[in-house]
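Here come two complexes built around subunit A, the first alongside subunit B, the second alongside subunit C.
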Partner chain A sequence: MAEQVALTVKDLEKVFPLRRGLFARPQGGVRAVDKVSFQLKSGETLALVGESGCGKTTVARILAGLEQPTGGTVVLSGKELDFASKETPHILRQTNQMVFQDPYATLNPRMTVGQSVEEPLIVRRYAGDRKQRVRELFAAVSLGEEMIDRYPHQFSGGQRQRIGIARALASDPKILLCDEPTSALDVSVQGQVLNLLKDLQQERGISYLFISHNLSVVWHISQQVAVMYLGKIVEIGSREAVFLETAHPYTKALLAASPKVAPGQSRERIVLSGEVPSPLNPPSGCRFHTRCPFAKDICREAEPSLQDLGAGHHVACHFAGKM
Partner chain B sequence: MQPLLEVQDLEVCFARRQVLRRVSFSIAPGETLGIVGESGSGKSVTALSIMGLLSRPGRVTGGRVLWHGEDLLQLPPDSHRQLRGKAMAMIFQEPMTCLNPVYTVEKQISEVLMLHRGMSKKEAAEAAADYLEQVGIAEPMARLRNYPHELSGGMRQRVMIAMALAGEPELLIADEPTTALDVTVQAQILDLLKQLQAKTGMAMILITHDLGLVAENAERGVVMYAGEVVEEGSVEELFTNPAHPYTQGLLRSLPRWGEQQDMLYTIPGTVPRRLEGIAGCAFAERCPLAEERCAEPQSMHRFSATQAARCWRTKDKVGDAEWQSR
Partner chain C sequence: MPSVLQRLFQHKLATVGAIVLLLLVFAALFAPWLAPNNPEDVHPEASLRGPSRQFPLGQDPSGRCILSRMLYGARASLSVGFLAGVISLGVGIIMGSLAGYFGGWVDLLIMRVAEVFMTIPQFLLVIAAVAIVGPSFTSVLVIIGLSSWTGYARVLRGEILSIKQKPFVEAARAYGSSSWRILLRHVLPNCLSPLIVMVTLNVASVILLESSLSFLGFGIQEPQASWGSILSQGRAYFQSAPHVATFPGIAIMLAVLAFNLLGDGLRDALDPKLVEGE
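Moving on, here comes the complex of A and B:
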């Protein structure tokens, strides 16, 4: 049997309307997510990478039922979702749960962390013994039972992230949408959270959509990688394809810019010039052309489509494989 | 050669809580020194103490900060203030901590030039455009008229760097200068700092929690843990042959792309919340090598001209002949 697919996203689109003034009619919009397609296999991790404002979080928020897409389709466990239906956000929240960068912002400071983890169980009318389930969830994220009755401020950043994960697991999700889950953590704590996520995936077969700008973390946790730039996927494929047979100049620049702990090792250094353009007014043709060291006339004029380089490796660049 | 700056046994308390102890390091003219450590390890407090910017209830309770051999901590506050901006300048993670939202870019850079370089208003206005150009800002004349909020994050960072450079400092302290920026912009800013450094010969202290940034941009590094310096060395020594169990643990716990790692190494436990009551090694309760002797105060054991670690066990690692107690 073919590998099971947990989620298929096709041509997903989100345009945020722009209003100048409170009562003005929308004037155009920001295309935050533009024809994004990918497939997430069961029990695997797909990473979304890219710089701030490229649309990664919007993709996750749509899949968490927190945001309505303006186009495209989502197939969840074999069923296409109808975004016109009121039921859809509910279905999404049942299968997909978000893990945020700053768990502190999502935990109620006046509730014990045990109550915060129990809350989703109450919401979904969990039939079993709720207290027992909370104890199991705390054990699953390696937190002792004695922690259950404490308040969020009594925990370290890494422990709070474990609580955030326990709360997400309380809904028995098939997919975790992790938005920069370790970015606020110190290196020594980051490792603990990454190991926990790997363990949970092996034990429960959960799939992860993992958003991060840290490429070493992405390499460590994912099987598939999608690179986004100004709302579009510019390169997608297995982590080996994207990291080791990199085809898009933007991916190359990202890899070159991410610091490595190997002193004295000289490496290809592509330093981009210019600032990230505003998504309000994306450049013509290839959106990357204003910063691309290889840009030619055609890049300013025509938008490159995603080409298949084989084995699921796709890249949107006029000169892919010719550089 | 006399070091440009030498910090000796610096101690800082916030009210009654000790947050720095036994912090010592030095930096030579033109050198880049990285200070790495996890959140709360005392990197910023160290920098602020050097700059004379520590604010209450923070207070230096011991040690010396020698600038060209002269102890800054003994200077009257006014004289210390005069060194700031001119002899040494600091840039921050969040540029708005030193940019004034109600003044134009021109006014802010000109002020530094008039104050520290004795320029006239007209000279300063011209030089300000020069500095913006040097930090890679396109259309400098137009940008001079902007207010900080009209600029992108990367541009504000560049303006702050231009302001710091305008005083022609001998030492630039950069405290997490790129942490809030996207990685490709981070690379641009660091390249810019290196270029400017090559041109002006200034020394730089690069403070970061990112070990990779130190490996790539500094010649030497200092590792801080819980308010202490636990290791110093050249970047080669630190990253290929770390001596302190904490540095070793940190490096082992990093994911590295291109390598096969199933599970990551993790350092058990957490950083101690307070130093009081810990007479010995602050890392002892998390250290896999800890023994009884670790409860005694640890001194820096030196085993090369550049490398030293605050751990008696490093002696075993390198053999008797090569180490001597400082």
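Moving on, here comes the complex of A and C:
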């Protein structure tokens, strides 16, 4: 059961075309997601980590059917879907649901929260008793029945986030795409929401694609971790491999920049200088060479491919395992 | 948290506006019972006579009762105001929704048409159209209604552009709602409060526009009364019989002022920053 694959993404690519002026042809574009591949196992959590603007959210939005990618394929419950097809977003919406970052904008302010949770049931022509189902969903996210008829402004951020989760669950998803669901919440409330997500995963066997830049949250919730930099995955592997046997200098820098989260984590200090380069015009060779303290000539010229370090731990660095 | 109405009535001037409007609406609705005389009875021998016991606001050049004509005129002015306001709101909502929600070439087309409308002064446009179609109650209100949708469309389009990016709209897309359902259930209900404010202000300007049209003879036609036409008749005798032009002028001013005060109050009461800043 645990080894079943819920979702395989291969060479996912999203280029946002850039137009200058009304009638101008697109001039190049921003490669927000560049050849991203990963596998999400059933009932497990894959965390996507990286700085703002590295393409994490775009990956989630593509998988939620909200964005049309420019290339790549996805295998969903054994079926390979081509993104060239217009049907693909519809199929993705059948099994994937998204939990959004901003708890204050995630609910329609003119509807009661009960109506918000009921909407997916109406849209999907749920056959049973909708009101009953809404009560069950509220119970599943530990909110009382008496809250069903209230409006979003009467709730706290954490409660709204739980209602957002209930709404996502209403569609009975197999995969939940969580786009920084806790980053706007107080620390104590973050814990509650994370534990709720963990419990739901255990009860329902839902797989999570969990986007975050909070590494302790990632350690807490995920089995697999993928680190993205400028639209590419630079390191991917099990939580332990990425946190404890870190191979990419960017991952090391991220770990060094946050408080120690994993027991046995190395204390090597790598401090990054400079800004993330513009994705409009990404650096040649290894995209990280402009900020990498170990960059050599080869890094400026050749783009490193993901190499296998064993046990599913992959790293895109010319000097992986040699530092 | 106080409701919108409660906050509206905390606003003193808006309350005054609402009361004045209610009185005007009351006067218009019950004109047949309130009017002391038949508004169309002429008394040529009493032309331009000042206020008297039987004619409280005096008589016009044909000796008709000005108060009675004003009460009936309120019906014309207010109903043109409301109906033309509703027509322009309806057209504006349809156009603004199509432009803002569906975007692309539909947006381009609608907004360019709107801009063409806006480059022509509305008053000239309305006079020209009325001159072609012929002046009557219906033609005036339809033409005014169809010529003032552009403001609504622009405001609504902007609102929709910002609302449709919100996560709750994206969530609705993600669980498979149709475009129409998203527009009607999630987007439009969150875009309407600025339009409500616009309607009240727009009704005021429509009343003014209708009065101006009637003043120039392009509006409501004799013998039906309208504030604008009474004012127009009084204009020639302003020095000898000022009451003829003064009273309808005051009525127009009161109505426009009341709508503006109400609109201002509504704007404050519906301000989302105040609503959400619990």
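In this text, the second predicted complex is superposed on the first by the 309 of 323 C-alpha atoms of A that agree within 3 Å, B and C clash if a C-alpha of one lies under 4 Å from a C-alpha of the other, contacts with A are read in each partner's own complex, and residues count from 1 in each chain.
Simple rule for what comes next: a contact is a pair of C-beta atoms (placed from the backbone, for glycine too) under 8 Å apart; a residue touches a chain by one contact, two chains touch by 3 or more.
Quick caveat: nothing in here was measured; it's all calculated off a predicted structure.
Bringing the complexes onto one copy of subunit A puts subunit B beside subunit C with no clash. The wider contact with subunit A, measured as residues touched, comes from B rather than the other of subunit B and subunit C. Of the two partner chains placed around the shared chain by superposition, neither subunit B nor subunit C is touched by A:Thr251. With both structures placed on the common chain, the touch criterion links A:Ser222 to neither subunit B nor subunit C.
In the superposition on chain A, A:Ser207 makes contact with neither subunit B nor subunit C. With subunit A as vertex, the superposed Cα centres of subunit B and subunit C define an angle of 80 degrees, given in steps of 10. Look at A:Thr45: by the touch rule set out above, it reaches neither subunit B nor subunit C. Of the two partner chains placed by the overlay, only subunit B lies in contact with A:Val276; subunit C stays clear of it.
Touch criterion met: A:Gly65 reaches subunit C, while subunit B stays clear of it.
After overlaying the two complexes on the shared chain, residue contacts for A:Gly191 are found with subunit B alone; subunit C is out of touch.
Closest approach of subunit B to subunit C, taken over C-alpha atoms in the A-based superposition, is 11 Å.
The interface of subunit A with subunit B does not overlap its interface with subunit C at any residue.
Contact residues on subunit A toward subunit B in their complex (touch as defined above): 51-52, 156-158, 186-192, 194-195, 198, 213, 215-221, 243-244, 253-264, 269, 271-273, 275-276, 291. Interface residues of subunit A, counted against subunit C in their complex, comprise 64-66, 90, 93-94, 96-98, 100-102, 105-111, 116, 119-120, 123-124, 153, 164, 167-168, 170-171. By the touch criterion given at the top, residues 1, 166-168, 170-178, 181, 185-186, 189-190, 275-276, 278 of subunit C touch subunit A in their complex. The touching residues of subunit B, counted against subunit A in their complex, run 38-39, 152, 154-155, 182-188, 191, 209-213, 215-216, 235-236, 238-240, 249-251, 253-258, 261-267, 270.
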